[in-house]
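Following this message is one structure expressed as structure tokens.
Order as written gives the chain letters A, B, C, D and E; numbering starts at 1 within each chain.
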Amino acid sequence: MKKTAEIVVIGGGVIGTSIAYFLSKKGKKVVLVEKDDLASGSSGACDIDIILQSKNPGIHLKLAMESAEIYKNLTEELDFDIEYENTGGMILIEDEDQLQVMREFVKKQKAIGLQVDLLDFKEASKLQKGLAPHLVGATYSPQDAHVNPMSVCMGFAMAAAKLGAEICLDTAVVDIKTSKGAVKSVVTNRGEIETATVINAAGVYAPEICAMVGMSVPIKPRRGQIIVTEPVPKLIMGDVLCAKYIVAKYNPGIVECSDDPETRLGVGLSLSQTRNGNILIGGCREFVGYNRSTTHEALTTILKHATRLVPALKEIHAIRSFAGLRPYTPDGLPLLGPVNGIEGFIMAAGHEGDGIALSPITGRIISDLITDGKTFADISSLSPKRFDAWGENRFAS
Amino acid sequence: MRIVHHPILGDETRVCNAIITVDGRQIPAIEGEPIAAALLAAGIKKFRETPKHNKPRGIFCAIGRCTDCVMIVDGIPNVRTCITPVRDGMIIKTQKGLGEWSEAR
Amino acid sequence: MKEEYICRCEEITREEIERAIAEGATTISGIKKRTRAGMGLCQGRTCRRLITQMLSKVKDPAEITPPTSRPPVRAIKIGEIVEGEED
Amino acid sequence: MKTTEMAIIGAGPAGLSCAVEAARAGAKVTVLDENLKPGGQLFKQIHKFFGSREHRAGTRGFRIGQQLLDETEKLGVEVLLNSTVYGLYEDRLIAYIKDGRDHTLKAEKIVIATGASENALAFPGCTLPGVMGAGAAQTMINVNRVLPGEKVVMVGSGNVGLIVSYQLMQAGADVVALIEAAPKIGGYGVHAAKIRRAGVPIFASTTIKEVLGEERVEGVITVELDEKWKQVNGTERQFEADTVCLAVGLSPLTELAWMAGCEFAFIPALGGHVPIHDRNMETTLPGIYVAGDVTGVEEASSAMEEGRLAGVAAAESLGYIDAQKAEELKKEIWGRLDALRTGPFGEGRRAAKFKQLSSRRLMA
Amino acid sequence: MIQKTGVIYQGYPSEQELSKSPGVPSDERIKRGPVAFIECVQEIPCNPCEEACPYGAIAVGQPITNLPRLDEKKCVGCGACIAKCPGLAIFVLDGSEQKAKISFPHEYYPLPQKGDVVDCVDREGKAIVKGIVLKVVKSPKYDATAVVTVEVPMEYIKIIRSIKRPGRS
């Protein structure tokens, strides 16, 4: 059966559901299609952190801060418990070199308006019990927070549905039809949907969707592995990262070619505790295609790193591990907005590990762009058009 | 209750050679038997209270899978008593919710 | 009448699971995401079959497969995992 | 990392039988088991087994366990106890914990013989202390020699429910009732007859409506079911009891096989999704075998035969048995397996097993 | 409660099922002296009874799911099969004298003693009549299964199958 929609959103993760919600709020008639279930990709296989202080000072941090503002009242707005908690967070620093880097990082972040401070070991230990004595300090920001990413997806989707959006699960997009350089319809395994606007929020699968309109984007899956512990009484104060995490995140080149598994796997600490008491211990960053298996090497390497920084974890039981694929982009920034050459085709993908943090703001930006043609800030640096040359080069090679 | 006489297995030959302390009460036990067995032998059926609704729980699967029988053993919560062997002098506490970590640990 | 718990670890009742199915969950992980059933200490090893039975009212049981199986299949003390074998 | 020719996960009847066959042929075998004692569930089976002489019929289960242990010891099989396998990774890498340390083991052939676990049942009051698996109660009375309660309501009339009822009485408890949701008794009549003449009433088409008590089981209210499995009001019965045992079937413990990436078939008669295997017990992944209840729930005798089969096949493919000899051995074992899968109780399993064996061909 | 008769409903074989069973001897044979009475009416894969009989009076053959067939001419009622049957389904009946003698397997603690007056029960566990324990045989060959013989009035020869568990009212 053929149906029509004002806008079709592809992808039922934190990005797609957020966009569906914000568009519905503006009165748009949205159909969201998801090939599996809500939160089945990266949004269901990630940590729970909304961390501001890990973001590069600049547009990245600015968006994260705007997003954090929306999160504060999102539970009420959606009338859905997304398990939001303003926990604060810290980045552990192991040596003088790291301290040097973090000092600079903090200075720039402060300039943008983030509340963040450098703590010495004693001050850090007061906030977080069980730290290893060799640490030299930590940065701390009271603005970091937690949510349950799956609940965020559910909350956005259900709120969107209440506003009239249609959420189609188990619905895979198989083709996008265009005519005279403009989107005409989206073909799914359950039928065709006529539309003039389609939003590609397919995360790591965004390149597949782009290929349907003959477009190429430099998004690639970057695997992260996370270990889950048994629920325990409150042990982790908020989000606890390590300075190495920041290095691993922004310097993919350094990580790949090392002999040391910790460096090669891009291991950096990411600790947080859910409302139920489970501690999530991450993580690593590997380019292994779409392989979502976990590995013994990553399990032991991540846990060794984590227990070196927070020895108290040793007494706790691990109950599960999982792997998720982050949609990596070469400059660490998502692709947001229209593309050249295909009218009505809008990108909203490539958030790598920041999808949760940037979910609400992405929904707002995309809905602004569609209804008003502009948004609150200059997001030209996020435009997919910045990679046009990349695409051409790629086709040339 | 311990089974002293048994038509197939014969009479019990082991003797209680350990004392464990459960919520402050000392009970006799056999080294190496699962903690849960020693508790049942002493008539203790409630091992913990659940986190959400504070409901009592005891032994359910006895093979370490269901995790219903977890208690705080020597200061560590979530210890599966059905597969953890008794050692003399163990301190065991009924686990309330997620339990608490003993500072002494 | 007492509650009828399906997921013993997370204390999730039959009603809650039925609601999740009504909301569109058709897989065990779909139920898990919506209710937390199967996310507890035992990782769904006790309730999985009961949930499968409930789901089989809306889906062919042959297609209801367990969520992806990942190590560790038993709760393992982290201190033991990091204590590697001696070479 | 440790290496071996053949790693067997699980030292129950299937795993030990497999080890014996393969080691006898000359293979280097390592058996891993998470328990302190090998034997799997055999040591709680204090009744005499059915079957024929080759199945050691008429011998009590725990004695069969001891015999198997003696054989493995004589053959020099390495049995790693207290070794919890927690992962089976790519490239046949087994990760396990032993003596408080992480270990890895790489094997040319892996046999998954992890057995099965008891199914749960939900009803109001199902989480009260005193409600437990029948197998759990059996472990308590026969292995740990502790009585979990004195007045028991047994749920389920399969062989497990019938046998454990009997053994609870042998241990000194009373079984006040055995209830069964189906309209007829599921297990062997001879097991039912034992507990009937001991005075245990069996109520068919009956389920639990509610278990009474706040802190522990104090009583049980049962209710009858109509042909559509709906509760019939007014048919309630109340029993004074301190224990409820659930014997509502077993499910294969297939996690490691899923993790390894084996293909599965859905066969309800065997307990749901079961790994597809061929007549050598090899799964769809070359070098990975399954044996015993993990392939579909049956009983100890067939588990032992499947273990032997896997042992012979793996030893053959390692080059320790020539093709002709292996063929003879396998034929004998299949003959015994087929015999176990005959009669009104066996035919269903035989058909189910046939379906499982054909699944690979269907897939191809 | 169970309405329908038969082993799958009652948990023990009905008169009709027993009358058709090849393991059940004729009334005439029971009157002549001790003889095995095999209450095995389902085709289960099991044959230790066949090997247990030193006189070759019990045959299962192939396939092993065949019901055990009693040759009542060969059977002398020695009772060697009683403790061998994993299903505890073989009894020895002796109707040759004034009172009936019934031998059955017993695996509960404590064992009754010779001379005890005990409550004898039917297949449903109902106490029907008092009986006297004539014999309690234990043997290493029986592996913890005792064979108990009780004496009851003749009319109960096909009814009494066990005794009340000791200490139970």
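Rule of thumb we're sticking to: a contact is a pair of C-beta atoms (placed from the backbone, for glycine too) under 8 Å apart; a residue touches a chain by one contact, two chains touch by 3 or more.
Computed from a predicted model, the values in this text were never measured in an experiment.
If chain E is ignored, touching still links all the remaining chains into one piece. The fewest steps needed to get from chain C to chain E, moving only between touching chains, is 2. Traced through touching neighbours, the fewest hops from chain B to chain D number 1. For the pairs D-E and A-D, the larger set of C-beta contacts lies at D-E.
Among the remaining chains, A is positioned farthest from chain E, on the basis of C-alpha centroids.
Comparing chain C-alpha centroids with the centroid of the full set of protein C-alpha atoms picks out C as the closest.
With centres taken as mean Cα positions, chain E sits 43 Å from chain B. Rounded to whole angstrom, the centroid-to-centroid distance between chain B and chain C, based on C-alpha atoms, equals 26 Å. Distance between chain A and chain E, defined via averaged C-alpha coordinates, is recorded as 73 Å.
Looking at chain C, one finds that residues 3, 8, 10, 40-41, 45-46, 68, 70-72, 74-77, 79, 81-82, 84 touch two or more other chains.
Of all residues in chain A, those touching 2 or more other chains are 230-231, 276, 294, 296, 299-300, 315, 317, listed in ascending order.
Residues of chain D in contact with at least two other chains: 34, 60, 87, 89, 95, 102, 104, 117, 120, 127, 170, 172. Here the chains touching each other pair up as A-B, A-C, A-D, B-C, B-D, B-E, C-D, D-E. Those residues of chain B that touch chain A in the shared complex are 51, 76-78, 97-101, 105.
Of all residues in chain A, those touching chain B in their complex are 230-233, 235, 276-277, 315, 317. Listing the residues of chain E that touch chain B in their complex gives 107-111, 144, 146. Note for the complex: chain B touches chain E at residues 5-8, 10. If you check the complex, the residues on chain D that touch chain C are 1-2, 34, 84-89, 95, 97, 100-104, 117, 119-127, 210-211, 251, 254-256, 258-259, 264, 266, 268, 272-273.
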